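Alright, structures below, take your time with them.
Both complexes below contain chain A, partnered by chain B and then by chain C.
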Partner chain A sequence: MSSDQLAQYLFTGLTQGSLYALIALGFAITYTVTGIINFAQGEFVMLGGMLSYLVLDDLHLPIAVAFLIAVIAVSLVGILLERLAIRPAKDAPPVSLIIITIGAAIFIRGMVQQFISKDAVPIPPFTGNGTFSVLGAVVTYQSLWVIGIALVSVVGFYLLLSRTMIGKALRACSINKRAASLMGIDARNMSTLSFLISAALGAIGGIVIAPLAFTQATIGVALGLKGFVAAAIGGFVNLPLIVAGALGLGIVEQLGGATLSAYKDAIAIGALLLVLIIRARWLQTAAGSE
Partner chain B sequence: MKRVLKKALFPGLIVLLMVFPLLAAVGCGDGGEETTPEATSQVTPTATAQATPTPTVAPTATPTATAQATPTPTLETYKIGAVFAASGRNAPLGDPEKKTAELLEKQINDAGGINGHKLDIVIYDTESDETKCVLLTKKLIDQDNVIAIVGPTSTGESVALLDTVTKAKIPLVSCAASYKIVQPVEDRYWIFKTPQSDLLAADQIFSYAKKQGITKVATICDSAGFGKNGEEALTMEAPKYSMSIVDKESYGPSDTDMTTQLTKIKGTDAQAIICWGTNPGPAVIAKNVKTLGITLPLFNSHGIANQEFITLAGDAANGVIFPAGKIIALNAVPDTDPQKPVLQKFLTDYQATYNSVPNTFAGHAWDAIQMVVMAMTAVGNDKAKIRDYLENDIKSFAGTGGIFNMSPQDHNGLGPGAFLMVKIVDGKWTAIQ
Partner chain C sequence: MPKRLFRWQYALVALVFAGLVLLPFSGDAYYTAIFIIIAIHSMLVIGLCLLMGYTGQVSLGHAAFYGMGAFISAILTVTYNWSPWLAMPLAALSTGVIAYLIGLPLLRLRGNYLAMGTLGMGIIFFILFNELDQYTGGPSGLPGVPGLSVGGFSFDTDFRYYYLVWSVCAVMLLVSWNIIRSRTGRALRAIHGSEAASEAVGIDVPQFKIKVFVLSAIFASIAGSLYVHYLSYVSPNPFEFMFSIRLVVMAVIGGLANIWGAVFGTGAVTMMDQHLGTFGELDVILFGLILVLVMIFMPRGLVPGIVGLWEKWKNRRTKAKA
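This part shows the complex of A and B:
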């Protein structure tokens, strides 16, 4: 492998990894606040891309407007999901709630295929197709947008959680829901808020990556999986570790794909199995020692 | 926090491990089955052979053709089954196929049906999913009692059906490309196909490349049915043109970034890239090639012979070269070609009905249905007889895909004249020599 190629793999890996980081944070926030693994997370990403395609193609509005509309719309979808599907079943065991989110994912996918498009759809890059060279790797303007917007979102997310009252309330719910409500925090609203945030993050990811990759109703499953792996690497709670895991996964995928491109997809699944085994064992010992 | 983790994470993990295969299987498009069984077949009492079965005046509209106990002689409806990927990733192929079937059904019935029998084409949408394809085909055979089946759209789906169709002893005319669908012919007694085979396409690409002085190529193929068989076809045919394949890459059907594979190819001494797959993969690859600044000629398979490729790839589509059926560049076909009037009429009719241009895949469905209808016209409603007709009596049939000569050794029936080499220039297809 030449150094040019290595640089290319690293760079593409970073771009993909940034997307995974956004998805992973979405998983993290809903999981920690509500205890539910939201399998519709991947569909939020897909919706971001598909809705911005709709706005661009049918309404011919500029990309910044499409971006805003799509993020707001998907956040609304997130709220609706929480209110209509999760909240009525809130006393059900976590497994049932997870299955509800899977059902929601299938429903969202079906709706998009029925009303928007079944095919892959293109979205123009934000600032054109230009590229330049960095250490031998070809970098497109759009991939800079991906990394940049992901960075801003991650930092914003971190600031929200650590510096605002709402963030404190979210964290309180994630630590102990009952104690938090005794302190006057409405856990149900926090639950809705967490879904809103995860939907927004997912949508942002979906919109920025769409010009690079086409978007299609079926991309949610694979992307959700990869985000989930990254979130699992960070144990769903450790933000820096989640982001690192996401970037790492992106890069490892590229390097693995370079060695054996037929097995590129298997890398994410392999990583998932590895992480689950390691974490399960860690949980076992933690449970035992308590 | 640990307690929350303990409670929900563990069962969550187990659920994930169990559920992910389910997710993956279900993930290929779920708007609910888009089944379009054709409208209830009305039985018209025919005292004499009428020119048009009148649709409205019949006193009783019965759903099946055979349950009548009335004394008026009635002609049973001829039922053909069709399984097309009208949604999902292969929708750009399967939807035109479905439209063609509906168009032909109407045309044939308006002209009096098949020897006075009404034609009913029962069409199901496989949603580009192999499992659904098999289930729907079984439904066609067991519940709808069709006499022959047309489709499916993709190689993967066709291969999945081989057993089902052979066991049910029902003729199948596939609209998918791989030679594996009809070979080895001893094991494909009931199976035929209309698209030009991938071996032919590989030959076409190599012979063109050889003329340009190319001797080393790199391939990048879809890891699913069509692409995988394409890679095999390329591997098989390369030595015949003194071509060496210096690097073989592959990608998943729904992968959205192939810069890794292309970066690797960039580092080899390949003089051209051959991409083999159906959308959106080749469009992503075309874009990636431009982004990475790769200037090598990019060849593709006939899998991109649709407008979708150009829409998705945008500017990056220009310069791509691929073999295509004549339907794509009709003005390059000489008037003396027996295919020309056939293609002309099909194009005109399809455009008039659907306000869009048919692609090669629509043509494959046209060829398949016409052949089955020809067989039914000659031998009637018998599965085995239809099969025999298809194998032995389709000779010099000018279809959209080429001139068909079926035989017991060749259930595809096409030769080298079936393809045109096409280059995309300014977003349009242009025939090249």
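This part shows the complex of A and C:
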């Protein structure tokens, strides 16, 4: 492998990894605040891409407006999901909650297939098809958008959690919900808020990656799985480790795919499962049973 | 449980049984064909019930084992001209061994992790079915899978195949029923209740989990073999992620911990498919809604939930009279 090729895989991997990081943070915020793994997380990404396509294609609005509309719409979906499906089943056993979020995921997928499109939809790059070269790698402007917007989102997410009262309240709920309630924090609102944040993060990722990837109603499942593994690497709480895990996954996936392209996804997911098994043993032992 | 409910249940089972035995005599080709598929899918859902409902281990990738049975049977009979009766047990055996090897690391995962793990497993096998095209025929599939016959008797009509698949399904039901009522069954329910508590009373939890996983994979493999010998053709499409989810929907409707309900749930979903097929993606939307609503309001499943409501209503009436 030449150094040019290596640089190419690194950049493509970083771009893809930025998306995984956004998905992983979505998993992390809902899991730490509510204790629920949201299997519809990947659908937020898909929905972001598909809705921005809908707005661009039907209303011919500028991309920035389409971006905003799609993020707000998906955030609303996140709120509805929490209010209508999660909250009524709050005390259900884990198996039921898994099935509920799976149900929500395929409901969203079915709605998109029925009312937006069953096929992959094209979305134009934000600022033209230009490319430039770094260390021998061809980098598209769009991948800069992906990495840049993901970076802004991650930093914003960090500042929100560490510097604001709302962030403090969210963290309090993730540590001890009852104690947080006693301090006057409305834990139920925080649960809704965590779903809103995770939906918004997913949607942002879905919109920025759309010009580079095939956005289709069925992409949510695999994306969700990859984001989940990145979140598990960081134990759902360690933000730097989650982001590093996501970027690492993106790069490893590109390098692995380079050698055996037909099995790229199979190898990537196999590797993910390996990481998951190793990491989960650790997490499960640390957290005791369940 | 009140005694009368038992009698009522037996009557219902007898009625359903009689209906199933007599159905092909009605001469209705359409429903005979649909009920063949219901029997084959029931085999999958029965295994899933044992795994998810009784033992509490989620699998979102069961289509993989179904596909393994289907492809191994198809490849051995088409490419290597084996007898289907040799191919089918070998497919079941290999699927069992593969399930064991996958289960060893995967079943160490719990709850959400296991669900994600099995989901990933399903995706990997779907890719393999597509990409190993020198064996599986890739996306276009393998045609010309032979039918089944014993001596001079060939299961070449739907009428004959119907009795074959329902007999196999009945055997699986009986095997499962015996397991549930045995010491093993109690151990499985204990694991569902609490893995830590089960271990504390001396139940070998990993051992039981992997046994059920392998058994459900073998059921799935046999179903896959019967499926390809019926259709005489196999392609990767029926074994994708959505089919695994569809199996979960069937189990949820029938009642997760209810093997008889498994057959009912399979029938209900298959019928819905038949009638919604013309309305685009309505089935997917509807299945999503069913999963969410049933799990919120009737966590034990749709049928047990309705039976529970009915009992409650009856009890209230008896109390009101007294």
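In the analysis below, the second predicted complex is superposed on the first by the 278 of 290 C-alpha atoms of A that agree within 3 Å, B and C clash if a C-alpha of one lies under 4 Å from a C-alpha of the other, contacts with A are read in each partner's own complex, and residues count from 1 in each chain.
The criterion applied here is as follows: a residue touches a chain if its C-beta (ideal position, glycine included) is under 8 Å from a C-beta of that chain, and two chains touch if they have at least 3 such contacts.
Fair warning: this is a prediction, and the values are worked out from it, not measured in the lab.
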- Task: Once the structures are superposed on A, label A:I251 by its partner contacts, choosing first (chain B), second (chain C), both or neither.
- Result: neither
- Query: In the superposed arrangement, which partner chain does A:G270 touch: chain B (first), chain C (second), both, or neither?
  - Reply: second
- Dominant contact partner of chain A by residue count, chain C or chain B: B
- In the overlay, answer first, second, both or neither for which of chain B and chain C A:T131 touches. first
- Set of chain A residues, in rising order, touched by both chain B and chain C: 37, 39, 93-95, 98-99, 102, 106, 109-111, 113-114, 118, 221-222, 225, 228, 262, 265, 269, 276, 280, 283, 290
- Query: What residues of chain A sit close enough to touch chain B in their complex?
  - Reply: 1-2, 4-5, 8-9, 12, 16, 31-32, 35-37, 39, 93-95, 98-99, 102, 106, 109-111, 113-114, 118-122, 129, 131, 138, 140, 174-175, 209, 212-214, 216-222, 225, 228, 235-237, 254, 257-258, 261-262, 264-265, 269, 276, 279-280, 283, 286-287, 290
- Mind listing the chain B positions that touch chain A in their complex? 1-2, 4-13, 15-17, 19-20, 23-24, 26-32, 87-89, 91-92, 223, 249-252, 254-257, 259-261, 263-264, 266-267, 279-280, 283-284, 290-293, 308, 311-312, 314-315
- Query: Okay, in this complex, where on chain A does chain C touch?
  - Reply: 37, 39, 85, 88-89, 92-100, 102-111, 113-114, 118, 221-222, 225, 228-229, 232, 262-263, 265-266, 269-270, 272-273, 276-277, 280-281, 283-284, 289-290
- Item | Residues of chain C defined as touching chain A within the complex | 52, 56, 58, 60, 105-106, 108-113, 115-117, 119-121, 123-124, 127-128, 131, 194-196, 241-242, 245, 248, 252, 256, 280-292, 295-296, 299
